[in-house]
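A, B, C, D, E and F are the chain letters, set down in written order, and residue numbers restart from 1 in every chain.
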Amino acid sequence: MVDHTAYFNGEWVPFSEVKISPLDRGFEVGDVVFDVARTFNGKSFRMKEHIDRLYRSLKYVRIDTGLSFDEMMQVSEEIITRNEPHRAEAGDFTVRQFVTRGAGAWTHNAGPPAICVYVQPIGFRRFARFYSEGAHGVIPRTRSYPVEALDPKVKHYSRMNFNLAELEVADIDPEAWPIMTDLDGNITEGTGYNVFMVSDGVIRTAGDRSILQGISRATVFDLAEQLNIPIVEEELQPYDLYNADEAFFSGTSPCVLPVTRVDKREVGDGKPGPITQQLLAAWSERVGVDIVGQAERFAGLS
Amino acid sequence: MVDHTAYFNGEWVPFSEVKISPLDRGFEVGDVVFDVARTFNGKSFRMKEHIDRLYRSLKYVRIDTGLSFDEMMQVSEEIITRNEPHRAEAGDFTVRQFVTRGAGAWTHNAGPPAICVYVQPIGFRRFARFYSEGAHGVIPRTRSYPVEALDPKVKHYSRMNFNLAELEVADIDPEAWPIMTDLDGNITEGTGYNVFMVSDGVIRTAGDRSILQGISRATVFDLAEQLNIPIVEEELQPYDLYNADEAFFSGTSPCVLPVTRVDKREVGDGKPGPITQQLLAAWSERVGVDIVGQAERFAGLS
Amino acid sequence: MVDHTAYFNGEWVPFSEVKISPLDRGFEVGDVVFDVARTFNGKSFRMKEHIDRLYRSLKYVRIDTGLSFDEMMQVSEEIITRNEPHRAEAGDFTVRQFVTRGAGAWTHNAGPPAICVYVQPIGFRRFARFYSEGAHGVIPRTRSYPVEALDPKVKHYSRMNFNLAELEVADIDPEAWPIMTDLDGNITEGTGYNVFMVSDGVIRTAGDRSILQGISRATVFDLAEQLNIPIVEEELQPYDLYNADEAFFSGTSPCVLPVTRVDKREVGDGKPGPITQQLLAAWSERVGVDIVGQAERFAGLS
Amino acid sequence: MVDHTAYFNGEWVPFSEVKISPLDRGFEVGDVVFDVARTFNGKSFRMKEHIDRLYRSLKYVRIDTGLSFDEMMQVSEEIITRNEPHRAEAGDFTVRQFVTRGAGAWTHNAGPPAICVYVQPIGFRRFARFYSEGAHGVIPRTRSYPVEALDPKVKHYSRMNFNLAELEVADIDPEAWPIMTDLDGNITEGTGYNVFMVSDGVIRTAGDRSILQGISRATVFDLAEQLNIPIVEEELQPYDLYNADEAFFSGTSPCVLPVTRVDKREVGDGKPGPITQQLLAAWSERVGVDIVGQAERFAGLS
Amino acid sequence: MVDHTAYFNGEWVPFSEVKISPLDRGFEVGDVVFDVARTFNGKSFRMKEHIDRLYRSLKYVRIDTGLSFDEMMQVSEEIITRNEPHRAEAGDFTVRQFVTRGAGAWTHNAGPPAICVYVQPIGFRRFARFYSEGAHGVIPRTRSYPVEALDPKVKHYSRMNFNLAELEVADIDPEAWPIMTDLDGNITEGTGYNVFMVSDGVIRTAGDRSILQGISRATVFDLAEQLNIPIVEEELQPYDLYNADEAFFSGTSPCVLPVTRVDKREVGDGKPGPITQQLLAAWSERVGVDIVGQAERFAGLS
Amino acid sequence: MVDHTAYFNGEWVPFSEVKISPLDRGFEVGDVVFDVARTFNGKSFRMKEHIDRLYRSLKYVRIDTGLSFDEMMQVSEEIITRNEPHRAEAGDFTVRQFVTRGAGAWTHNAGPPAICVYVQPIGFRRFARFYSEGAHGVIPRTRSYPVEALDPKVKHYSRMNFNLAELEVADIDPEAWPIMTDLDGNITEGTGYNVFMVSDGVIRTAGDRSILQGISRATVFDLAEQLNIPIVEEELQPYDLYNADEAFFSGTSPCVLPVTRVDKREVGDGKPGPITQQLLAAWSERVGVDIVGQAERFAGLS
């Protein structure tokens, strides 16, 4: 297995050498923020928006990395270049930045932070076959955090509730993807992706109060505008999803992933929908990569 | 600095060699449970209750360590023995167990878990001077997780909300300790300790719905019974704490820590209270260690 | 009294023969979904939308009728034809479909469902005089169900909270109509009708998260667009209703019913408002029936 | 199949003749209250408490039956006598009373109510094998109604949320029994039974704010007192149930039913617990019927 | 009309001279705390507890009166003596203390506070006839403040929600007394009195989380203990009150006032209950005043 | 100090003679509604909207002033004329109307109301220096009232929670202005001003469900439209405010006040933003007063 080059606390090292101290608050109390972008044909996609979101998270939790926005951008681009020799076998990379608080007895006097940027081959096997089959969604009992405890707009590593949600969902359908709800029963997000549905020709998704402000989600808004498909933010409930004509997830790696079944109910006719397909096609065109083809090829499906 | 002996995935290693992979879900999504006991004069205190709580957490999050309860007990005791040569300079140890989920794309097929048991010198400097001065408490805006998102009875590492609470509290008083509340404004717990108050001669503390089921808290209940001091579980709000006669925290390391000021209001007469002192004395007697004296000595205060 | 022809479990029978077994879960645990359309001059109005909503309800509660959408449409139209001989004395009909779960010890192995479609003369006497006088509304203490317990978008028969609301309202004003609120105090719906208000020349009504997705409500949206009257969905509270310029209900039988008093406060000048009248006129025109005139005539008011 | 004698609106009729009009609000809007007792060896058990609870429900929803408490008692006893000839083949009966609102356009001027009392053979097959195997519980996403919408202490027929809960549970385990929670995630009740757990030698169950005030639940309290087993009402969450030593349901027909698995986690050692068994034995003794033996015999298990 | 002597900002003045500036924050933003005691035969009752509660309120809102506890006690007793010449015609007095914040642009730099202590003849006419008839209670839609906005344990003047509740109640029954609930539908308190019910021989009342910590309420607890009547704090809902055997209010002036009707439902047999009467008798004995007799006499009923 | 002329209960009196009885419910239970307008160069601004909002408040709380809308307008304008001789030294006036309920034992039979209209010199010193420096905001723990207890759209004097919020904020930064949130953690309003932020070139502010319907807020909407700056109502949280490009308050006296720091985090580049400045300039132009210049001059800053 390839040992990619990573950036860790100011140095370029093999990723296998990146290790976290059990005393770092990043591990000990989940005191980490992060972001993840991906490449298309080795070129970063919307890296600026990802780094921007990372700095919003950092500001919220008051960690000072010591790196300027531009330095973080530069590292995040350089790491792609440095690992380009290994890209062919991976297809494309995810590029992840994380920043921990560092060690200390209290949050406000801990440090220094650990800063890491690393690439990984995109995990096409996890999702490739759902472009044609459609993924299944299940809405678990476990809820998203409320804003008052931990704002879901912060991209952090304290995600135990997401883990519990995945376990519950696997009890119902081991292949299903969680679709979480907030304390009032409104659909929020998946465990790393946003949730969309289409009805009456309109794309609908939750407002960004209780969810991560997805960059892929923003791309869906852009593409919808380009394709002249109306798109709105609304409070949505399971009823809406069950009775939608189409549904899909958006996420950094899969971009757009069709959803054809939710809580054992077929969405629409149970097949990936036409608007979902249009979005995938438009996205592929924009990035110059056949998103579905690449995923299926690298997942060994074609 | 001493490099204590730790148990890590079946082996005894120097603690400095315990490192967490950034791909372990324990780091990446806060998918860890843990527990912490302490020694008195090198003897473990209520280790069985701590391990029992660890296994309750494990059951809740469905991680199977592969270690039986008895094996975990045995390791947790042996680590004290192995590190006994270094105890004199530390005074006493904390003994911590943590178990991560391991690596994997989804929670339900991740693994193997990382299991670690390690000791650390008790951080007496963090709290010793408050036995005589009394600690200050501040109630931050950030809330405990609700049971529906992540049950606070599970002892996990996904604690970003605790970090935010500590930052807020330090804005008001850099020496103050957070006292958290739930979504309804009821007092829950500190960031690693339980909260008690005394009024009308009765010790009062929150029920264990929205808090960790503290072993030190249970010890306070035992000692109160032994001392014939009534003790009750109630929903309590800031009003009750401001107007209490005494207040204190319970926690593994400090056992019982007097609180003399909350949200800029003096509790009682602003000095550690008599029932608080009684509890400390009874606890000292039970474990055969002058708890306050030891802390002050090792913190360099006496 | 006329014994209209009904459809019951595949057969055409006199309505007086439609009876529900006390062991049918439809009775025993309120396990029924339904819908109600009406005719204008004997022609169905938006039957497709009603049947569509019925099938959304069925999908939500997972009852399989064994009837296709088209068959349900066909039955719902045929019943009008079969009862046409009795229409003159009724003015017009409501057409109701209901589907029960059937008998069984558990929901998931109960059946077969009971399917019934029947007509009734429209109950003009219940509402006709309010076209000129304006209806009174009262906001009761009892709340709409939250989505998490039972989504109000499902059209079901488990409506005990609606009954309690009606009783409370009658204590204040025996002629008043309930206007319910959700658990946060937002206006939701009446016990079988949606609620609108007009202020600053804009028609306002609750979004469809906590209410039935009214077909009459949708018609109001259509007519408002046709009349170039702005119409928006908003969270609304009693304050908004008390201080509105106009208010009205929408419902299958009365279509649009003026509201002139809410919680003992006059709405606007205490008379049916001009936009309300415009909507009634436009609706009458669309269906070729003088809605108010018909109601008043059949209620014996003119 | 036997056609038992029922009481219906003042007359004794074969149960097969009891039918509900689709226009009765009892069907149309779930406007019914009811109660269910059972016999042991043909003798009613705590009938007075059941009728008392029925009258509390009636008072809450303001239905006046026209029958006095004593008349309702008398009918409820007489029906047992009248059906005694058929009891041998059934083992024992449930005795159910229900009262509907009657027909009408508004709740407050509807009527007359329909009053029915009927017996049924106890459905031993539904639960008999779980005395030895232990039942499985699953906690669904769908919630109990909040008090503000519909007080769960009222025993009514508007139970669509219970139906949805049963469907969700069957997705996970078709043999499992639902254990519901309230809007705050506290355990409330099953779909017709109360939920208990045992830990530290104490029987624990939810307080009766969000649950039906079970007569069987009250019997468990009596028996616990008789057996000197401490029993308390507490707010309980899934964590408590997963980590309990024993769990069981109480209900009119099964009396006490062991629960050995909740949400795929074994409760205790995964076998019916000793305190559960003690309660069953004491109950059997009190009523002079071997509860388990009778159930297994009539279910064809022995 | 008598112009009683009042204490105002350090001076003894005729009450008619006590006036509040519209610029005092006490008026302008409801920034006042207060308390009210009463006399029996001219002797103060539990004055220390009242002043103690006043100082708890002052501590909560951080107003410093400049008066010590003892000085406030002294003034509160002296005012009774000074007005003793007018007591005969009044029967007895209420003694009220209020403290405003004073004027200022922001709360934290406003002042000096206005401090007033004054007596008033007890308003026997308001409640005397209900000792024999029983008062009526109505539960309005408007809620108590949640602890997170304004803790109801603070005795303040910002009570607009109480005013709205009284208006709603008067719509249903102009003679009824409001019984408020919290945001979860639990019974809290009246607009100046606590609420009790009796069932199964046990006196029940809400815990003091969402209510004022009534001194009369505490007296009821004392008397119940003296009379060997069990008394408990519980979450209570309208269901419990409708189905109670007795109900009553406690308050400074009426002490204990029977309640015989709630939300149009008779409580018990619709007459003041025996335990209510026992409490009144015991209270009368304790203070050496026939409470009911005095009230009826001064209200002109006897 | 000037003793301005005030209107009080039908008469023109020196403001120093306006005094509130401690028995007026307006003082005793916060039973007052009010409004505040200001002048620019001695001319009233949007007086009609202010009086309109006052009458909405009056309708909500059901106080009848006996004054018609036109009479209240007339008085509110006349008071400016009467005090014009004193305006030069004040710069400009605020014009405040308040109406109390009057005295009485119950809300529904109290009266007559006290009606007062008065002017005050604008308190430029309170805010003038923040036009250039930017104000600081702090989000306190204390919450806005929920609609169910007391609708924040009513402009009343029962504002104890606002006082508590100001005290908390001063603990963190004595110069900071409170920014309140609702029970769900959404930003609502300040203690007398509305809150705006700018991001992506869009002005964003909370919808008017949980806030006062600010007239200055409405003016910001008008000016934004005039300046072609998009402006939207959204649910906003602290995350949004910390990460905004600009922030500002709107209020009657300062009109628009830049905010440059929230919860110790710089907003944008920490300086008053360009859109904020544009709004101030446009407002100044509209009213013919250099808003900032006037404030700084009268505050003695220039």
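In this text, a contact is a pair of C-beta atoms (placed from the backbone, for glycine too) under 8 Å apart; a residue touches a chain by one contact, two chains touch by 3 or more.
Not measured: the values here are computed from a predicted model.
Touching subunit B and subunit C together: A, D, E, F.
For the pair subunit B and subunit E, the fraction of shared interface numbers is less than half, so the two copies use mostly different residues to meet.
When chain centres are defined as mean Cα coordinates, D lies farthest from subunit F. A straight line joining the Cα centres of subunit B and subunit F is 46 Å long. For the pair subunit B and subunit D, the distance between C-alpha centroids works out to 43 Å.
Averaged C-alpha coordinates give centres for subunit A and subunit E that are 57 Å from one another.
Annotation for subunit C: residues 62, 141, 146, 148, 154, 264 touch two or more other chains.
Pairs of chains that satisfy the touch definition comprise A-B, A-C, A-D, A-F, B-D, B-E, B-F, C-D, C-E, C-F, D-E, E-F. In the complex of the two chains, the subunit C residues touching subunit A come out as 56, 59-60, 62, 146-148, 151, 153-154, 207, 209.
Against subunit F, in their complex, subunit E makes its touches with residues 18-22, 25-32, 61-62, 98, 101, 105-108, 116, 118, 123, 126, 141-146, 148-150, 154, 156-164, 166-167, 170, 174, 183. Listing the residues of subunit D that touch subunit A in their complex gives 139-141, 168, 171-172, 263-264. Those residues of subunit C whose C-beta lies close enough to touch subunit F in the complex are 184-186, 234-235, 237-239, 242-243, 264-265.
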